[in-house]
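Each structure below is given as structure tokens.
Same chain, two partners: subunit A is paired with subunit B first, then with subunit C.
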Partner chain A sequence: MTEKLLARAGAVRVAGVVAAALGLVTVLLPWAYGKTALDNMTYFFGPSFLQLCYAILLLVALVALAAKWFRGRLGRFAKAVAWADTAKAAGLGAAGYALACLVAIAVQNGGLVMIEPGGWAAFGLALVTGGAALVLPGSAKPTLGKLKSPPWVQILAIAAAMAVVLFAAAYELNRADIEDFLVFGCFAVAVVVVGRAAGLFGWLSLAAANNRRVLSLAAFAVAFAFPFTQNGSDANMSVANQVLIFAATAMGLNIVVGLVGLLDMGYIAFLGAGAFTAAVLSKSAFATLSVDLPFPVTVLISGVVASLLGLLIGTPTLRVSGDYLAIVTLAFGEIFRITMNNLDGVDGPNITNGSNGVPAIPNLDFFGFNLGQVHHFLGVDLGRQSNYYWLLLVVIAVVIVVFSNLAHSRIGRGWVAIREDELAAEAMGVNTFALKLLAFAGGAFLAGMAGSVKAYRDTAVSPDQFVFLESAFLLAAVVLGGMGTIGGVLIGATLLKLLPEKLRFFEDYRLLLFGALMVLMMRFRPEGIVADERRQLEFHDADEELAEEVEEDLVSHHSLLNPETDRGAVA
Partner chain B sequence: MSAPVFASGATKPGGERGVLLEARDVTMRFGGLTAVKQVSLQVHDGEIVGLIGPNGAGKTTFFNCLTGLYKPTSGQVTLRGDVLPPKPRDVVKAGVARTFQNIRLFHNMTAMENVMVGTYCRTKANVIDAIFRLPRHRREEKASTARAGELLAFVGLADKANTLSRNLPYGDQRRLEIARALATDPSLLLLDEPTAGMNPNETRDAEDLIFRIRDLGLAILVIEHDMRFIFNLCDRVLCLVQGEVLIDGTGDEVQNDPRVIEAYLGSPQAEAGD
Partner chain C sequence: MNVTLFFEQLVNGLSLGSLYALIAVGYTVVYGIIQLINFAHGEIFMVGAFGAYTVWMVVGSPTALSWPMALFVLLPAMILGGVVLSVGTALATERFAYRPLRGAPRLAPLISAIGISVFLQEFVRLFYRKLPGAPDSKRAIPFPRIEGITGHSLQVGAVAIKLSSVFTVVALAVCTAFLWYYINKTKTGRAMVATSQDPDTARLMGIDVDAVIMRAFAVGAGLAAVAGVAHGLYIGNIDFKMGFMAGLKAFTAAVLGGIGNINGAVVGGLVLGIVESFAAQLGNSAWKDVWAFVILILVLVFRPQGILGAKVADRA
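Let's turn to the complex of A and B:
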């Protein structure tokens, strides 16, 4: 009986491997007929890049299915990977990806008839591979994460991962057609799913935890290199700049919401305060105060003004908590916008020119390096947006360092203690009111700094840029990304700014889509995309297994890191 | 913060023990209900004082009055002759730390971090120190970590330092709360039912722990329903009934007072405690 079962399992495995091998051949066939669809899938023996992506997924599935037959050293290594789950994810991922390609071809070239047999075969064979993997028994949890590896392997892996991220981001952003954009997005998601299934991410995140400095440097280097992938085009750089401004502001909100657990629904006011301060102080002909200050001083003043506003709002409102605080801060956000509208010389003193705001803010100029001009460097034209991008990169680096250093200090511990149990924190000697105020002021400072650069990048500041919807999006970026985390908030901010920008045809349904996304997130992953190890538990109360897992993680991280760079209150 | 870990509250060498905490005619009213009525109490250096009484007698309310969580309707509390400040965090700073009847740990922080929060009021690193990782931050962080480690070892949780406090067994959570309170460097420790929910073994460990804390030079005021525990432990016992002090005396005096037995059981024949 069992022998029969085993024989049948063997047959299924062979079928899966054969299907995968045949599937690999289909990339040599054309998938589309007629017009060049999806970066040209119309050639015989000329696989396009997007076809190669399919091949990568299927190859992984093939190897994963065949891993059962590995022997010797390879076999021992193979034990650390959850091959069966990898095969499932890769096979089904390839099928899903192929399906996305077919749909895209049909949409672009007009109808299903434009799909060549090669395309159908690719989809069918991937489906067979995935199906075979699905039928075979699953595997135990991947232990790849616990595998020991020499430091140079870890560092190389981080560098490679970063290079892949840079390449993928550049490729994705340079897609002109929305179909290409979405299809490659599908591939990226499939890769992430496969990596998770194999336990690769567990291993990578451990490597990252062991080499924090290397990771930060690599991430920064990649971010720094990004403009060079744009061939002098400013379009994507402009989006990237919006993302960075948004992310810096969200990071400020992350202190208030993520660490201290206070709900602030009017946060955009602090970005606005910074932007208006910089605009009013700028050399624009419309600026009302126009002082000739070095830019770093302007940034500081903007931050200070924003944090003063934070104190102004915080002092009375922080006495209420929960829903009341949300409503009061929402009101303050609106009051800010309306006040900016009214400081027009009619209803009040003329500071902001009312609804016209301050236009024509001149470009920044650092020692003769004008940020408004195109510069030629390393054979690439770097436009205005690239210049501001690098400036914003400095700002976000500062913001991240401030956030992380504060979070891993006695102050950060105090903040998290307030979030966990405010009364107990007070009874243990934590000055809860002062710390909450500090969170308000500190977060506002970060947002204000971002605002000052925003003023110069946008060249104009007006009150209607700071509406409630923006505050809601900021909050969504923090919640969606992962409260209290750095990576999560960066990802959340990127998604929330990038998607609306790229999916312009969706414009009318943007809010609908966004609402649906939020509902789905809250239902299936309330802790956000990147979960703070600790917060994750709050949302999955009954999940004992998860609790143990997180604990193991914490223990291993603690023993691996040296105390100075150790993770303190939050990770 | 560094050298002598538990410096405060040492017993005066020879001679009379000084009065550490004194509550005078503390009354706490909630609307029509008087939860604590004219309660006076003295705790001397290095003393373990028990506070007993039936459910709802006002013991926890009295603790809250001592620690600033409630502002007493009338009466005064002094520590070494100085009136205690009104805010809970200032009371902690003055040297009175407490645990809670229903454990109030920071659940999603590790045991280590919980204890380190206790050192908050004895450290001074400000925002600038933290952001720029200035020497003061690094020095304090090192000292706090070391101190928290010591305290965890002291209460027997050294191997649980990186466990989230929510995942600790009940008994360990109680001990962690004590460690967190000790981290505030108190001269008086208030324990609200430290053995509630513990098995006999754990109770014995808790007893031992409290003696060891006393030996460090702290005074302890402890609420408990377990009579054997109380009479083993305490130099003096105070019995509260319906907010009023029924009797304040040595363990033997209280143990043999028929009114105490009656307060608990309502009938003079039965035996006190469990």
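Let's turn to the complex of A and C:
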């Protein structure tokens, strides 16, 4: 069957292009009867936003299928893109997206009858397009990633990518209906898959590597602008704050697990130590010490207390390396929780008020700028959560800068050496014990800092916030995202905090899926969503092809990298 | 502390310690062969208790059996049910989660084990109650009374010893005897010892290492299931998260005795149980869970090879 079709590759291609073109027309037709389904797909000649998303995917598929006919300069550029794979991804992605839309319409409006013929046609035509692309021969590895381009193009691309991310995140978070949320999520996933297939991400990551400062500034600017997209609503900002606290803590754990390869299963204790320190020192009426210190000092003290705990647990246990550490740290996490519960004046000195914890922590106040109040700025109301969001943004920026500077320093190389082969590292003169201890204390410091802000944002701290499961989630964020990477851990933290928040309907099954995900992840993609190249090799050491690929990538990146930015502080 | 109290705490400690020991054997056997801390082993213990409960439920939840019937028919059937379910679960996890990761960096199977642990807990919590006639598995479930054990006690002088305590200690004794026989007197048991000493040579000698590993998981799971039933009788109820703390304590016991060493697991379990019950009696009971972990940390620092000593601790 396939061979017959291959013999008629030209005809198949034409069929695919025609189907894609017809599919584009369907967005001018209504897809649903009811106006309430998704974002009102009931108009003739008035495509809704979600319909336009479908059109984008299909347009990419059409161009990709037609690319074989490009000539001249366009043709030369076209050679760098893996068009056949792009067409497959875009066609099938459009079909999947259309299907998701149809399911959402049926669910929201009650039945398949609520789908207009336009919707069915959209799905069918996308399927034909994708099918046509599927039977055509595949393409070589995309070379787009190695294409040289002027710096301004790269910077522009980074800025555009960041703007798209901001817009998509704001749009996605403002979806009230779960179906809308999922449908747009499908579109985002499809775009990522298409981008990967085309080799666009390879090019973008090279551009990013060339312009690290621009990238980090752009990312920070986007993150800074995020509250302005929320129209004064605190609901999403609260979720964003949880993500940031979680991500900052996970970044600390990332040093320990990702860089040094030590499994810490009681990490939440360090966040807790920071939070309790800040709470006990705060001006709350329930605080037992209540020293009135400036906030930056509190943050530092919290970090120091957490890192002292890290030293306390690390000094005895880091000598017996290996998997004992996992259980000892787990035990330590439990000891921390039990101790916080018992420091209530009955079973021990009263420091934490036992299981009640420290409630009613007052809001922070910087030179008269009260973080608890709504401020009006640039025509937008910015609520309490937005204020704390910016504070947390500063914290996470510090965390990321510390992490990346450490990771690329002599210390960081020592850590990776310990992870890869501790005996060899020691033989090469790496002081393994001191470095491991430093990782423990340093990671704990970052978590403790995050904890101090958490105490103020939550306004209350109690021992039951720091259970084992939270440590497991932190570990999952690091593992899922990609051990040892910054972007991966940010993505992992976002997914793990955002999805449960939005997908309330399967709240009960959350942990079950989480457990299954950890097992599947270890089996099929142990290096995580964003793979650290070296790490990836460790997990697939028998894969010669991958080894060559990674080496090739590293070499080409290095030769293209501007030596000046290479040596500078990278973030 | 008077003499009566002392003996009462000793009995408590021995029964608690027997539970730990039964579970600890599972950690130690598996660790001895593939150097994996089977973090999900606590959940295997929990599954065993639920398996036993299921048998009781399936035979019609009898409550008023005569004691010979309860003791010699119902109880063995329940233990068998628990063992079957535990062993099945353990073999499935070995096959689908651990075996594919053999040879991967050490972090991978450990993380996988955490995943399995959470998965099994949640699976029981969410789905056990969907069985026809099953109780709400989101709460603690009262374990069935076994006439002849539950509620009776033996009076030795001034000390009252609960029969469930006796059952737990006897269960440990019987299981240890069985284990000793299996390891030392049977061919498959010898193969297990050989594999733990040197897997490569064992393979060259014609030993099916995969089968040995599966047997190690099965033996550990079987003992854990017995512990599950004993726990149900001794504590009086079971729940989906009972494996977490018990598993941690049992691991501590295994390390205390010397991980990889089966006798060590038994000794470690008993010592830990006794220390814990005396600590709870003498000190403040709010801190009782802390002691076990403090002991774990102290052992790892000062005598990482454990009381009886076996495998070198820093093999990782």
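Simple rule for what comes next: the second predicted complex is superposed on the first by the 551 of 571 C-alpha atoms of A that agree within 3 Å, B and C clash if a C-alpha of one lies under 4 Å from a C-alpha of the other, contacts with A are read in each partner's own complex, and residues count from 1 in each chain.
Assume a residue touches a chain if its C-beta (ideal position, glycine included) is under 8 Å from a C-beta of that chain, and two chains touch if they have at least 3 such contacts.
What you see is a predicted model; the values in this text were computed from it and never measured.
Overlay on subunit A: subunit B and subunit C fit together in the combined arrangement.
Here the apex is the CA centre of subunit A, and the angle it makes with the centres of subunit B and subunit C after alignment on chain A is 70°, in steps of 10. Residue contacts after overlaying the shared chain place A:332 against subunit C, while subunit B stays out of touching range. Shared-chain residue A:263: touches subunit C; no touch with subunit B. After overlaying the two complexes on the shared chain, residue contacts for A:360 are found with neither subunit B nor subunit C.
Legend: residue contacts after superposition of the two complexes on their common chain; A:416 is shown touching subunit B, with no touch to subunit C. Of the two partner chains placed by the overlay, neither subunit B nor subunit C lies in contact with A:291.
Legend: residue contacts after superposition of the two complexes on their common chain; A:429 is shown touching subunit B, with no touch to subunit C. Once the two complexes are laid over each other on the shared chain, residue contacts for A:374 go to neither subunit B nor subunit C. In the superposition on chain A, A:14 makes contact with neither subunit B nor subunit C.
By the document's definition of touching, of the two partners only subunit C reaches A:317; subunit B does not. Taking the two complexes aligned on chain A, the least Cα distance separating subunit B from subunit C is 13 Å.
Of the residues of subunit A, those at positions 538 touch subunit B in one of the two structures and subunit C in the other. Within the complex formed with subunit C, the subunit A residues making contact are 257, 261, 263, 265, 316-317, 319-324, 326-328, 330-332, 334-335, 338-339, 341-342, 346-347, 468-469, 472, 475, 479, 508-509, 511-512, 514-519, 521-523, 526, 538-539. Residue ranges on subunit B touching subunit A, taken from their complex, read 67, 69, 87-89, 92-93, 97-98, 100, 104-110, 113, 116-123, 125-127, 129-133, 137-138, 140-142, 144-145, 161-164, 166-167, 180-181, 184. The residues of subunit C lying in touch with subunit A in their complex are 35-37, 39, 96-97, 100-101, 104-112, 114-123, 126, 244, 248, 251-252, 255, 284, 286-287, 289-290, 292-294, 296-297, 300-301, 304, 313-316. Of all residues in subunit A, those touching subunit B in their complex are 401-402, 405-406, 409-414, 416-417, 420-421, 423-432, 438, 442, 534-535, 537-538, 547-548, 550-551, 554-555, 558, 563-564, 568-569.
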